[in-house]
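A, B and C label the chains in the order they appear, each numbered from 1.
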Amino acid sequence: MNYEKKGLGMAVFASHSALQLVLGGMEQGVRTALFGPEDRLELYRRFPALSCELVRYAGTETLDGLADEGFVLVPNGSVVEYVRPENLFRTKIKVFGSRALLGIEADQRRKMELLRKAGIPTPKEFSTPWLVDRPVIVKFPGARGGMDYEVTDDPQRISDLQIWALERRIVKGPSEVMIQEYLIGTTVYAHYFHSPIHNRTEITGFDIRYESDVDGLRRAPVSIAMRRSPTFTVVGNIPVFPRERLLETFLEYGERFVETVKREAGGKFAGPFCLECVVDSGLNVFAFEFSGRIVAGTNVYSVHGSPYLALYFGRPMTVGERVALELKTAAETGSLDEVLT
Amino acid sequence: MNYEKKGLGMAVFASHSALQLVLGGMEQGVRTALFGPEDRLELYRRFPALSCELVRYAGTETLDGLADEGFVLVPNGSVVEYVRPENLFRTKIKVFGSRALLGIEADQRRKMELLRKAGIPTPKEFSTPWLVDRPVIVKFPGARGGMDYEVTDDPQRISDLQIWALERRIVKGPSEVMIQEYLIGTTVYAHYFHSPIHNRTEITGFDIRYESDVDGLRRAPVSIAMRRSPTFTVVGNIPVFPRERLLETFLEYGERFVETVKREAGGKFAGPFCLECVVDSGLNVFAFEFSGRIVAGTNVYSVHGSPYLALYFGRPMTVGERVALELKTAAETGSLDEVLT
Amino acid sequence: MNYEKKGLGMAVFASHSALQLVLGGMEQGVRTALFGPEDRLELYRRFPALSCELVRYAGTETLDGLADEGFVLVPNGSVVEYVRPENLFRTKIKVFGSRALLGIEADQRRKMELLRKAGIPTPKEFSTPWLVDRPVIVKFPGARGGMDYEVTDDPQRISDLQIWALERRIVKGPSEVMIQEYLIGTTVYAHYFHSPIHNRTEITGFDIRYESDVDGLRRAPVSIAMRRSPTFTVVGNIPVFPRERLLETFLEYGERFVETVKREAGGKFAGPFCLECVVDSGLNVFAFEFSGRIVAGTNVYSVHGSPYLALYFGRPMTVGERVALELKTAAETGSLDEVLT
């Protein structure tokens, strides 16, 4: 690596939270390279105030080349989807955060197991449609943004969905389709940043996902809505500010998550992550998923910065800038090894 | 016009997005006059940090007078509703943006036709209730903020609504009542600013409308909600941050819209506009309406400014300030003719 | 009191809107003490940028001690719930705002009566389940954050809920359970600050409550949602920006409310309050509750500040800072008696 020669840089897949990361890097004086297929790069040429390199992605050798130029990979949801975790493991580029965790994240079973090991309450899972006795959400693997997820309490429908996923080669076996209890409550996506430099897990904010067509269907007259099954394609994110007393619970879950990742997935962890939660009417918090890297929900703080990060730094900061700050500080203090894998 | 004598000013109807425009003008050193009936002006006297003239509206001669004082009209939704497009065409005041487009906007048929000419996907329209084979939304003309819109798939009900609108003189013929396919998906209102000065169409942000009683009805128990038909009166706006990959689509639609307006409606266009969209579960984006001027959804960025405008100017900016900046720059560079009609 | 010796301070119960008040105090140079049970204080030790005293609450003598140290109580929803209004009246600590109003707020009947006396439209109330002829919401006393509220139009169910509340000792008699018309419309929580120093009632912003499980239930398939009755536990708050023309109505209601509080509840009032409103499809605004102190909905403006306060002060400001500013100004101008009770 040539961090010294050209200075450390952040390589980011050109989508998802790329704008936020470029702007955050600019704020901290850390250069950014966006990589992706040519048609994805086009968007970023339209914004004159953005300063970053644009690199056409032509396979993992592109990442190797970026590594040679002093870049480390800041993974987002799109890179996991587009480059695939197995390819990420083959490149020599260093990953900000945990390469191992990205692998676990891509496997629904191991993902939920990690949450349970952390002592974080999770929804019940069913091994077969025929044991289902309550509403469940049927989920398919990969970071496809909730596409094709379905809520039902009908075992036959679940079985049909398993067959559909097999036929479409979305899964290799029916057990890869997760049948997860659908908890009735409000979703809250809790964002975190773990800093090895400060040796602490910070809360960076919260959002609600805005999903199609579930969030549109509920506006249709009941007679029309009842004939359709909602789908959960993420279209955007809405800011939400949870009750202050819930911060205790969210913070505790975040810290337990980090401890467990360190114990179960390679000894170290750094950077942004997200616990996807449901809060029920008794204010109990359950995590139904996690993301071991920055999520697009942090985009609600773009440019203006998260007020939660002001609790640590005395001023609002975006998660993009938070990443750049940790990387810069690690480089300056010779601690890059603590934040890269 | 006396722009030189007193400096250019923005005349704004006292409602809708007036606060944002006054504050934006103050930021850029462009004076503002709010005009409207006396009872509407009262509100603006309550805010000591606002600096603007307040002018009682007494017919189109008020606008002529403002023109003499160096003001141009920055049209908002309320001016279209209150002064009526036909009167706007009779005054000598110059309009920031496109006077012709305001006329098209007021006519539902021409409005949707313009979107189709721009190659922007739109919902299907039905010429008569008796051809309806899916959920539709029945819409009445004028910028009445969604008041009395109704969703149904019952031809008889649509026919009854046409008769109701005729009797109330909301329309002159049944064909003025638009019967538009009601797409199931999430609404996203995309805001834009077209700058002849920079020769580009900027994305300025996004919001979701908060409507009564549809957004309340969905919170009622199903047994109660199913006995009522939702209504769509806009009560407010909620911030939303769409997925980054959707920005490509939104930007493309915005650019095509501007090209089409220039071609079909008088050769030039400047300023804010909005594409009212639905995003379905396949992430396809449809526009079901447009506004050829600033919409109240941009108020979600009041004072703090839109993070999207930071992508062009390096700092957040409100749409109100963006308007003032374009006007000021046009005046300074002798290009007012490019932004006024 | 020893305001002179150590300077005036704000004592705040460690929950609800405490972060906002501490940060607001820091901004204005007014010190803050957070008090509460030990396990509630822990959270605030996690945020290095917070500067405040943390005081373990051991009964009303803790408040007396804080009074001796120059602190006044800035009441929030948690202090009403945790310390109980009757205890608040026994301590010698001065209250920013109206001690009398906190008593009225805790009594559902007197609360609604105050709104009616102010000429603010309210939902109909029913004295007995057997007169109910429309959807109602059944409410229990105390600031329990909407917990256990239920919407129904079934008199038998209402009667059962009264018995349940009696058995659980939530109420002493069935009449303490309020049976309030459930208006169909969008909720808007309007936030205000009354300043005796400036002799004006300021609008400080708006939010929507995000409640469990009602806001989750509406995302479930209709067949599942129809089997459950929604509950209303507040989980968080979402920003909303009402139509500009509604500001007139909201401002008028706020001013009438303050006049009525002064007339009916001890002659003076200062500080934050909230009118909990429903806006129907005709844009009529009804208040179904009020809070005579800061509400957590103002947390949506944390750190960044409310754009509405910029209309008075020329820059965004949080309600936490607004409180500190009024207290500081009152102390500096010898007017503390006007803002404390």
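To be clear about the criterion, contacts are C-beta pairs under 8 Å (C-beta built on N, C-alpha and C of every residue); 3 or more make two chains touch, one makes a residue touch a chain.
Small disclaimer: the values here were computed from a predicted structure and weren't measured.
Residue numbering shows that chain B and chain C use the same positions for less than half of their mutual interface. For the two copies, chain A and chain C, the CA superposition rotation is 120 degrees, given to the nearest 5. The centroid of the Cα atoms in chain B and the matching centroid in chain C are 35 Å apart. Touching two or more other chains at once are residues 215, 218, 222, 238-239, 304 of chain B. Remark: chain C residues 15-19, 23, 40, 42-43, 46-50, 78, 145, 147, 210-213, 215-224, 228, 231-239, 296, 299-300, 302-304 touch chain A in the complex.
By the touch rule above, chain C contacts chain B in their complex via residues 135, 151-153, 182-188, 200, 206, 208, 214-215, 218, 222, 225-226, 229-230, 238-248, 251, 278-283, 304, 307, 310-314, 316.
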